[in-house]
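I am attaching a structure below and will ask some questions about it afterwards.
Chain nomenclature is as follows: A, B, C and D, assigned in order of appearance, with residue numbering initiated at 1 for each chain independently.
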Amino acid sequence: MKIKTFAEVAQNYKAIFFDSFGVVKHYSGLIAGVKDTFQFLDQAGIEYLMLTNVASRSPRQMADGFANLGLPQITTDRIISSGMMAQEYLRYKVRDGKAVYVGTENSAHYIAETGLQIVSIEDLDLAELDDINALVFLDDEGYDWRTAVNKSINLLRKKNIPVVVANTDVAYPVSRGELAMAIGGLAEMIEKIVNKNFIHFGKPDGQMFIYAYQEMLKRRQIRKDEILMVGDTLYTDIIGGNKFGIDTALVLSGNTQPKNAKSLIKNMGIKPDYICESIALSTPEL
Amino acid sequence: MKIKTFAEVAQNYKAIFFDSFGVVKHYSGLIAGVKDTFQFLDQAGIEYLMLTNVASRSPRQMADGFANLGLPQITTDRIISSGMMAQEYLRYKVRDGKAVYVGTENSAHYIAETGLQIVSIEDLDLAELDDINALVFLDDEGYDWRTAVNKSINLLRKKNIPVVVANTDVAYPVSRGELAMAIGGLAEMIEKIVNKNFIHFGKPDGQMFIYAYQEMLKRRQIRKDEILMVGDTLYTDIIGGNKFGIDTALVLSGNTQPKNAKSLIKNMGIKPDYICESIALSTPEL
Amino acid sequence: MKIKTFAEVAQNYKAIFFDSFGVVKHYSGLIAGVKDTFQFLDQAGIEYLMLTNVASRSPRQMADGFANLGLPQITTDRIISSGMMAQEYLRYKVRDGKAVYVGTENSAHYIAETGLQIVSIEDLDLAELDDINALVFLDDEGYDWRTAVNKSINLLRKKNIPVVVANTDVAYPVSRGELAMAIGGLAEMIEKIVNKNFIHFGKPDGQMFIYAYQEMLKRRQIRKDEILMVGDTLYTDIIGGNKFGIDTALVLSGNTQPKNAKSLIKNMGIKPDYICESIALSTPEL
Amino acid sequence: MKIKTFAEVAQNYKAIFFDSFGVVKHYSGLIAGVKDTFQFLDQAGIEYLMLTNVASRSPRQMADGFANLGLPQITTDRIISSGMMAQEYLRYKVRDGKAVYVGTENSAHYIAETGLQIVSIEDLDLAELDDINALVFLDDEGYDWRTAVNKSINLLRKKNIPVVVANTDVAYPVSRGELAMAIGGLAEMIEKIVNKNFIHFGKPDGQMFIYAYQEMLKRRQIRKDEILMVGDTLYTDIIGGNKFGIDTALVLSGNTQPKNAKSLIKNMGIKPDYICESIALSTPEL
C-alpha cells in the first residue's frame, strides 16, 4: 500500500471527518503543518468535523483549546465527542434521580446538563442508593482508582442500574513512547469483574458516525461516498469508518507508528483506503 | 418489575420495532394471538417494522413466509434484516471482484445483488485468490462446517480482505428446549482463531436501529421517544434499543424464559422498560 | 445434591486440603465451630494443609494469625501459598538483577528471599531499566493504582521481561456483602491491555495441588483418592481439586452463598462431590 | 537473542523434554537431521521424553509411528500425551456410566481403557441421558462438526456433567502454510457458547510437566535445573516449561517461523532461554 500525501487524498472528497488526538494535535501541541491543512480545506470548500472519543472536556472547552493553538476554525459545532452520545443516552433513558460519575468534576458537566443530579464515585454512600439511577465513566483522572473500582463493583452488586462508558478508548499517549490507561480500559476491567453489560459510546460504534453524518447534512447535501474519515487508530477510526461505509485514511502521526503500520494492518485485518504520513499537505523529507 | 399486557404497553407508542423470531413466530409457526395484535396495530394506526438478525433469507422470502402464516401486513418494505446492512457495506466498500460466502446458495443473493461475483467457501481454491475481495458469513447451513472453518482460516492467513458477519446471533432455538449454533457463533470462533477484526452487522449494533428509524420517518414523522422496541433477547433487542435511546419491552415467548427472566435481567445488567408475556394483546391464564 | 455435615464427610478421608479465607476464617475472625473441627481432625489422625491464594503475607505471618485466633495447630509448614509458587519460579528462572513489585513492602519478602533486589513500582524509574528482570504482582494495597497501572504498561512496552502474578484471585470479600478487587484482577486487566502472557500462580492451577500433595507425602503415605479438597469457591478450589483428581467439598460459608449455590454449580458446570454448610462438625439449626 | 545449534544447547542438560509435532516430525515425516540427534542423545547418556498434546492416538500408536519413521528409541514409555492426563481424570473422578466422545473411534480408546462405556456424539440420543456422566473432546475428525457442536450444546443444557478437553491445541499445520483447527479450538468455542467451565488437559498446564518429571525420576535422579524443554510453540511448550521452572529452547521448524520469531517473542512476552533452527545437531546453511 503506497503512502500518499494528504493533499492528493483530500482533494477527492467534499467532506472530511477527523479524529483529533494523534491527527490534528498530540501531547505537546499541534502536529506540524496542520494550520496549512485547515486553510487549504477552507479555501477548497471542503467541509470537516472532528469525531473524538472524549468525555473529559466539553466541545466548548475543546474548541477553546483549538483556538489557543491557532485553529479558530474548529468551532464548537464542528466537534462531536463520545461524551455527547453518552449525554443523549442519559437524556432519553435515565430521566431523573442521580447519576454517579467516575471522572473529574469538569467531566461531570456532560451529565449535569441533562438535569440529572451528580454524585462523585468518591462521595457515594453505598448505604444510600435509593435515587441512584446510573453510573457513568467519564475520565481517568479526578479520583483514587482503587476507591473507584471497589465502589463501582459494590454499587453494581447492590443495584441494577445502567452503566454508561462515555469513551471507549483503552489507552492514550502521554509522551513520545509512553501511554496512560484511559477510562475505557478501566471501565472494561470493571465490566468483566461484575459480568454485566455496560453501554459503551465512541468510535468505532456507528452512532458517532451517523450523528456526524447528520450534522454534516445540515451544512451540505453530500453522499457517503463523498466523505473521508481520517484517523490514527485502526480499531476505532478506520474500522468504524469502513463499517459505516465511507472511505478511510490512516495517518502515521499518532497511535500507529510508521515502522509497524503494515504489519498491524495485516495482523488486525483492518485496511484503510489510504495511508498518509500525517495530515500535513505535503510530506517533509523523513 | 411488573408484567403488563402488550395492549397496555403498545397503546402509548406511535411506532413499534419488532424482533421477529421468538416474538412474532417461533420454530413451529406463529406465536398465539399475534394475528389479533397486528390487526389491532393497523386499526390503531400504530406503525411497525421488523428488525431481524437474518442473512439466510431475503426480505421478500421473509414477507412471503409471514403471508403464508396469515400476516400479509408484514410486507417486504417492513422488514429490515442484518443481511441488508451487510449488503450495504459490500456495495460501498468492496465494489468489485469476488466475495466468498459461507451459507446456502440462497443466502448468497444478499451478495449477488451488489454485482459482486460469488464463490462458495466449499468451491474456493486456496491457490487462486487474486480477485477474492471479501469473505461473508451468511448462514449456518449449506456447507460442511469443518471444511468451511479450515478454508476460512487459511484464506485469511493468505490474504488480507474484509470479513463480513451478516448476522451476529450466536444461537437460535430449533425446538422447545433445543438450540442450534447460528452463523454469528461460528464466525466469532474463526475471528478468535485468526485474531483479526471482522465486521459484524445486526442488533444490538446501532446501525440497524438508525436504518429502521430512517425507514420509519418515510412513513410518519415521529420522535424517538414515540417508538418502542419489542424483543425476546436481552443482549440484542433490549440493550440495542436502550442504547439507541428508545423504550424497550422484553417478551417471554422466546429466548428469555419466564422462570429466569428476572435473574437474567439482574445478572446481565440489561433492563427493559417493560416485560410482557408475549405480544398477544391480553395474557392467557398461565 | 444433599447437604451433609462436615463430620460425615471428613471421616472418609486420611487428609484434607483446606482453602483458608471463607472456609476457616473470614473478614472478622474464625468461622463458627472451626476450633472443634481442628481438634477433631487432630484426634482422628486426619492430616491437613492450607492451600491459599495469598501473596501479601508470608506463611509465618499467616501461621501467627491463626495462632492469635486460637488455631496454633496451623503451623508454617502446613501453609502453602500461591506466593510460594511464584517465589519458586523467580528462584529457578530469574536468578539475578532486580524485580519490580506491585504490593506492600511486606509482600515483597516473597521476592527478597530469593536474593533478587526489589524495587517498588512507585519508585521505578522508567529511564533506567537495564537490570530490571521481572515484574511481580503481589498485593492490591501499598501503592497508588493509577501510577502502578500506567508504570506497568510502560515498563512492559519498553522491556520484555517475565511478569509473575502471585495470586490469581480476582476479588475478595471485605465485609458481609462487599467485595474488593484483588491483585489477580488488577494484573489481568494490565495483561489484557499490554496483550502479553503473564505467568499466574494459585488455585485452580495444578501446581499448588502437586506441591501440596508432595508436602503431604512427607507426612504420610497416602493415595490421591484418600484426600479431600475443601473450599468456598467453585472456580478455584473445586475445579482445581476436581482436575487434580481428588474429591472436593464446597462449603457455603464464604464466596458461594447458600441461596445461589445450586444455580452456580449448574451454570458454571463445576460439580463438587459434597456440599457442607461450613466446616463446623455439625450444622446449627438454620 | 542469538541462535545456537542444538548440539551446543543440549550438552548442558541431563534430560530433555521434547514436543513432538513441529520438533521431531511434521506433516510429511521426520524433520531433517533428527535421527542423528537421537543417536547423539543416546550416546551422550542424555535422557528424553516426548510431551505431546495429542488425544487422537495412543502412546503405542505414536511409538509405532516413530519406529516406522526410523526412531525406534521413542518407545511407548517415553511418550506422555494430554490424552493420558484426561484418562487419569476420568479414572479418578467419573468412575462409572457412559462418556460421550467427540473424535474418532480410535481416539475413544483413551476412555474405553478406564472401563467407562463410550458413546459417539453422533450416536447420542438427547432423550436418554440418564447414565451419561461425561463429555470428552478427543479429536477434530470422525464426525460431522455441525452435528457435534449442536448436540454438545444441548447435552450440556440438559445435564450438568464434567466436560474434558483432552488436547488444548487450537490449530495444527497440515501442510507448508496451511492450518487446520484442532479439537481444542472446537471445544473452546462450545465452552464459550454454553458458558461453563471445561477441564482442559495439555501443555502449557503444569500437570503434564509434573507427570513427565515424575516419569523422568524413575529413570534417573535429576534436578529441575538439569532438564530442558524443547518446543516449537511459545504459548504451550515455552510458557509451560518456563512456568514449571525448567529451561526452555524454542525451535523454528514448526509453528514459529524464523521470520517472525523475534517479534512473536516480544509481542507475546514469552521468552525462551535459547533459540535453535531445529533439533538437528548443526544448522545447515540457510
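The working rule: contacts are C-beta pairs under 8 Å (C-beta built on N, C-alpha and C of every residue); 3 or more make two chains touch, one makes a residue touch a chain.
The shown structure was predicted, so the numbers you read here are calculated from the model rather than taken from an experiment.
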Number of hops, subunit B to subunit C, where each hop joins two touching chains: 2
Between subunit D and subunit B, distance of the C-alpha-averaged centres to the nearest whole Å: 40
Chain centre separation in whole Å, for subunit B relative to subunit A (CA means): 28
CA centroid of subunit A to CA centroid of subunit D, Å: 45
Residue list for subunit C, restricted to those that touch at least two other chains: none
Pairwise touch network: line, ring, star, complete, or other: ring
Chains grouped in pairs wherever the two touch, ordered by label: A-B, A-C, B-D, C-D
Residue ranges of subunit D in contact with subunit B within the complex: 126, 140, 144-146, 149-150, 153-154, 157-158, 170-171, 174, 177-181, 185, 188-189, 192-193
Residues of subunit C touching subunit D in the complex: 88-89, 91-93, 156, 160-163, 194-199, 205-207, 210, 224-225, 235, 239, 242-246, 265-271
